[in-house]
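Below are two complexes that have chain A in common, paired first with chain B and then with chain C.
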Partner chain A sequence: MKKVILISGILFFSTLLFAQSTFFWIEDVPWDDGKALNIKANVPADTVYLQKALEDGTWETIYTGKGRSLSFTQNELNPDIKYRYRLLVPRPAFNDTIFFMAEAQPKEQWFYLHKLSYLLILLAVSIAIIYYVQNARKGKDYYIRRISGLDCIEDSIGRATEKGKPILFVPGIMDLDDIQTISSLTILSHLAHKAAEYDTEIIVPCRFSMVLSAAREVVKEAYIKAEKPDAYNQDRIFYLTDDQFGYVAGIDGIMVREQPAANFFLGSFYAESLILAETGFSTGAIQTAGTAQASQLPFFVVSCDYTLIGEELFAASAYLSRDPQQLGSLKGHDFGKLLVILLIIAGVITEMSGWHWFKAFFEGAQ
Partner chain B sequence: MSGFMTTFGLWLSVFFTLSIFSFLYKDNPFYKLSEQIFVGLSAAYWLVYLYYSVMVPNLFNKLFTDFKGNLILLIPTALGLMMLLRLIPKAQWLSRYPIAIMIGTSAGINMVRYAKTDLLGQISATMINPFASDNVITVIGNILLIVGTICGVYFFYFSKKQEGIRAVPSKLGIWFLMISFGASFGYTVMARISLLIGRLEFLLKDWLHIIK
Partner chain C sequence: MKYKIPLVFAFVCGILVVISEFIPHRPFNMLITTLQDWFMIISGFAILLGQISLFQANIKKIKEKNKDWPFYLAGLISFTVMLIFGLLWGTQEYRGIFGQGEKIQATVGMKPFDYLFANAFMPLSSTMFSLLAFFIASAAYRAFIIRSFESNLLMITAVIVMLGRTSFGGMLTSWLPEGLKFLHLPNLSDFIMEFPNSAAQRAILISAALGIIGSSLRIILGIERSYLGGEK
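Coming up: the complex of A and B.
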């Protein structure tokens, strides 16, 4: 009986004395989205048990280990909700266990400072783009190196015109929320303009209704710009199906039956890339492909005449239009690439020198 | 009856599989038939699927049975109706607004997403000490990783003439890209062969019972 009273006394006393003690305390993780708490303890014990109070009144052990300089971050919490924790410290010498209690609630801050590197890079690139665009507007001419995949576009249209056969343009298999599809449509605009000038028919099968609507708008605008609105035939820009392989089967059929002289596969592609490119190759069409899907590029490289690799697809709009404003934007992107190279070199040097804070600064944004 | 339907389904699958394979020889009526059925069926299937899995639970149900003054729901409704106005030539111009909103928001969201995952992820993953390991192969691998990444990025630097010394990293970059494409090609071809094996297994096992 005396032992029970003694243990209860110790527990009660320790709870009162150390509830907000320097032995066990909880801090909100600063500058975060309010989903984490830092639980800290400093007790001279080899084994301690950190437990979290659950909604049903039970306790869940979330850490077992040494109690000295303990720092444990608990993630995936909800902001502005109070969480209770206790630290159990067994004392084998006394054959009892003392515990400390603490509670805290994570708070969401306006700025997540661990994403500062992310902000700085985006700011640097955005400022560079604005600066170069402004310069371009003032008349500064920017050089852009040759991209053979884009130079061939005019040749392909010329060949289709000579043969009196249509051009097939496939804007990828993703919807309008994919940046590659958007990029593809900007190339379609240029292509449709040239096709209108040469009086060559252009076929655009689409997988999604939004892409269909956007493609029709783009081609119509191009025909109006080329002063040939009557030549625009919206029936040649059509919906096939939402199904990936149904879409591909349909395009294969078009390639075999309509025998387009030039095929363009520009946008986001997945498993169907080789099926499309192989069928196009078998029909003898001149083929240009472009995607930023690294896993599909090899198939286009081996089966197409020209391939736009990744970034070249996004540079196409500026390259084809030679619009000073777009060239300025491209120059800004190039600044971003240079920045990436410099940061990698700096990161490698700092890692080799043992200054890990530099890498940690960029890793924090992940 | 169910036995008949199972057998009928099996023969139908075999017919369509062989019809699609017949394209390897040349375009023919069997391929045309299966292609048209496939395209038509899948278009209809996706229409029904999207209606019941997206429009009904996310819009119609909430709009007609659980509205509770949630005015936000009226925005996609209005945008959807504006898209349908494409069917009326005089009001067709209104459909440009939902398209513009879609392109603008997706460009903005993707910029943040890609900058985080592709840009910063790639940068921090390449910031390594190449000599940290005792293993020579790992050290060589690390050096190749750093050099390959830098040269690969430099290859896409468009606004400078790549002549003389400047052409060296660019050429190295395209070599790295082509080698990685080769490796990726081989890997994916293996995966495609497994798909072919799956189809042949269906023909030889489920249909002809030649293999067990």
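Coming up: the complex of A and C.
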């Protein structure tokens, strides 16, 4: 028995000296936010127990399994704390257990390397947009294809004016932290300006209070710009409810009761898209919808007269403003599309040629 | 000044958020969470604004005896009742001013707020959602009317996908020999969903992502200002 204890003791102290390079060691996960450690071991044992030291001095087993080529990643760690781990290796032949110990502190890095491809694409597209905007500032004219969904806005307002009925504008069902809602509000600005010029009433029911206050400000400024501040009616831009289907019920009620001549559904939509669009269709209103939610687009295409598909929603403000700088930025989008097409072609060719590094490089951004 | 301060804020916050997406080191990795927390705090205050707007709009309509004014009254009464019940006896998770309302719970089985939520609000909400089934039918009918070559294609594709997703579709083509198994309706349906459908959806998503980059850049650089209510 004394021999066993002696051998175990010698093994323990020798492993303390050499553990890092031979049997049990810890590596910091590279290029991360300092919340993970890679715990590695290589001991010829079928069953090992990996334990982590807790604050109260006890040990928590976090892995049980084979000890050969063991690699265990522990996440959700704190970069300010040094963590201690031990690897228990039972030796049934000797009726004892030896253990190895190691400690490490996760480190925060200054760059997510797996997002490099993402950064490069972002930089390329951003530089292209800034380049085209600068060119536009210098007076270069760019051709922008016609977007019928946006060209129809004036016709829709004209129709509402002729019929003496209001326009309904729904800025989506998401809050102001969604870029689609912001894009929707930029379109609302143009729409409200036109509505003010035509003396047509505009109704804007909102799902969130933040959207409500932004929409009110946008419409108010549009009426001031159209030199008709007295025509601005704050009561027509109102909060309905935070509840998704309650909001839909409220808008459906408005459509049925007030029979708007033109409906605009622009922003982020989910399951309610078809309920809104079909109710609007049944009232005979001219309907324009726009969203970047690919799954909701078919519903809008079927039920609305015009649909802004994905990118068109974000291009709408630039298109409507006819501001050369903003139109220049749309050319930057086109450069981005060209870049994506080239990358897809390059990806197909490299994959077919067996060079998988290209795909792996871009997959890293996910 | 009215526009300059928000534009400076938009620029600084926009740049910081973009940078923090690529830097895992503190304080950058905490920025997005912090800004989201700030947004939640501002939203919390803004809720009051929404409730005031709701009350003002409805009371005005009731006072003026607008058409269908009883509906607005019903809306206000519902709002007030839920608010009072929530304040007095709380909800399932939180206690109210009068505590947990044990006596009421013994009578109706749950707190008054939760009772109304489960027995009035949820059925109404489900009713709205269930309308979707009927609207899908009417929209599909219009979409599948054969008017052109494209609508013809759409209808054929839709029929294949719908049949392929049912056991009846599988049964219809189960007799096909092994060499023609790719024509088996569930296989055809899977092929349509996996390749042409995914390709089209990804094209839309990629263009939308580019649009988001462009739109964000316009806002960060102050080229796009109409969301502030004013343009250049």
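Here is the rule we use: the second predicted complex is superposed on the first by the 261 of 366 C-alpha atoms of A that agree within 3 Å, B and C clash if a C-alpha of one lies under 4 Å from a C-alpha of the other, contacts with A are read in each partner's own complex, and residues count from 1 in each chain.
Just so it is clear, a contact is a pair of C-beta atoms (placed from the backbone, for glycine too) under 8 Å apart; a residue touches a chain by one contact, two chains touch by 3 or more.
Nothing here was measured: the structure is a model prediction, and the numbers come from that model.
By the document's definition of touching, both partners, chain B and chain C, reach A:182. Once the two complexes are laid over each other on the shared chain, residue contacts for A:302 go to chain B and to chain C alike.
Applying the stated contact rule after C-alpha superposition, one finds that A:311 touches each of chain B and chain C.
In the superposition on chain A, contact is made by A:222 with chain C only, not with chain B. In the superposed model, A:243 makes contact with both chain B and chain C.
Once chain A of one complex is fitted onto chain A of the other, the partner contacts of A:355 are absent, as it touches neither chain B nor chain C. Comparing chain C and chain B on the residues of chain A they touch gives the larger count to C.
Residue contacts after overlaying the shared chain place A:345 against chain B, while chain C stays out of touching range. Contact with neither chain B nor chain C is seen for A:270 once the two complexes are overlaid on the shared chain. Once the two complexes are overlaid on the shared chain, A:111 sits against chain C while remaining clear of chain B.
The residues of chain A shared by its contacts with chain B and with chain C are 118, 122, 177, 179, 182, 209-210, 213-214, 217, 239-243, 245-246, 249, 253, 257, 274, 294-295, 297-299, 302, 309-312, 315, 330, 337, 340.
Residue ranges of chain B in contact with chain A, taken from their complex: 20, 23, 27, 31-32, 34-36, 38-43, 45-47, 50, 83, 86, 95-96, 99, 102-103, 105-107, 109-110, 114-116, 119-124, 126-132, 146, 149-150, 153-154, 156-162, 177-178, 180-182, 184-185, 188, 192.
On the side of chain C, the complex with chain A involves touching residues 18, 21-26, 29, 36, 39, 42-43, 46-51, 53-54, 56-57, 60, 67-68, 71, 121, 124-125, 128-129, 131-132, 135-136, 138-140, 142-143, 201, 204-208, 210-219, 221, 223-224, 226-232.
Every residue of chain A that touches chain B in the complex is listed here, in rising order: 117-118, 121-122, 142-145, 147, 176-179, 182, 209-210, 213-214, 217, 239-243, 245-247, 249-250, 252-253, 256-257, 274, 294-295, 297-299, 301-302, 309-312, 315, 319, 330-331, 334, 337-338, 340-341, 343-345, 347-348, 350-352, 358-359, 362-363, 365-366. Only residues 31-34, 79, 108-112, 115, 118-119, 122, 125-126, 129-130, 133, 175, 177, 179, 182-183, 185-186, 189-190, 206, 208-210, 212-214, 217-218, 220-222, 225, 235, 238-246, 248-249, 253, 257, 271, 274-275, 277-279, 292, 294-295, 297-299, 302-303, 309-315, 317-318, 321, 323, 325-326, 329-330, 332-333, 336-337, 340 of chain A touch chain C when the two sit together in their complex.
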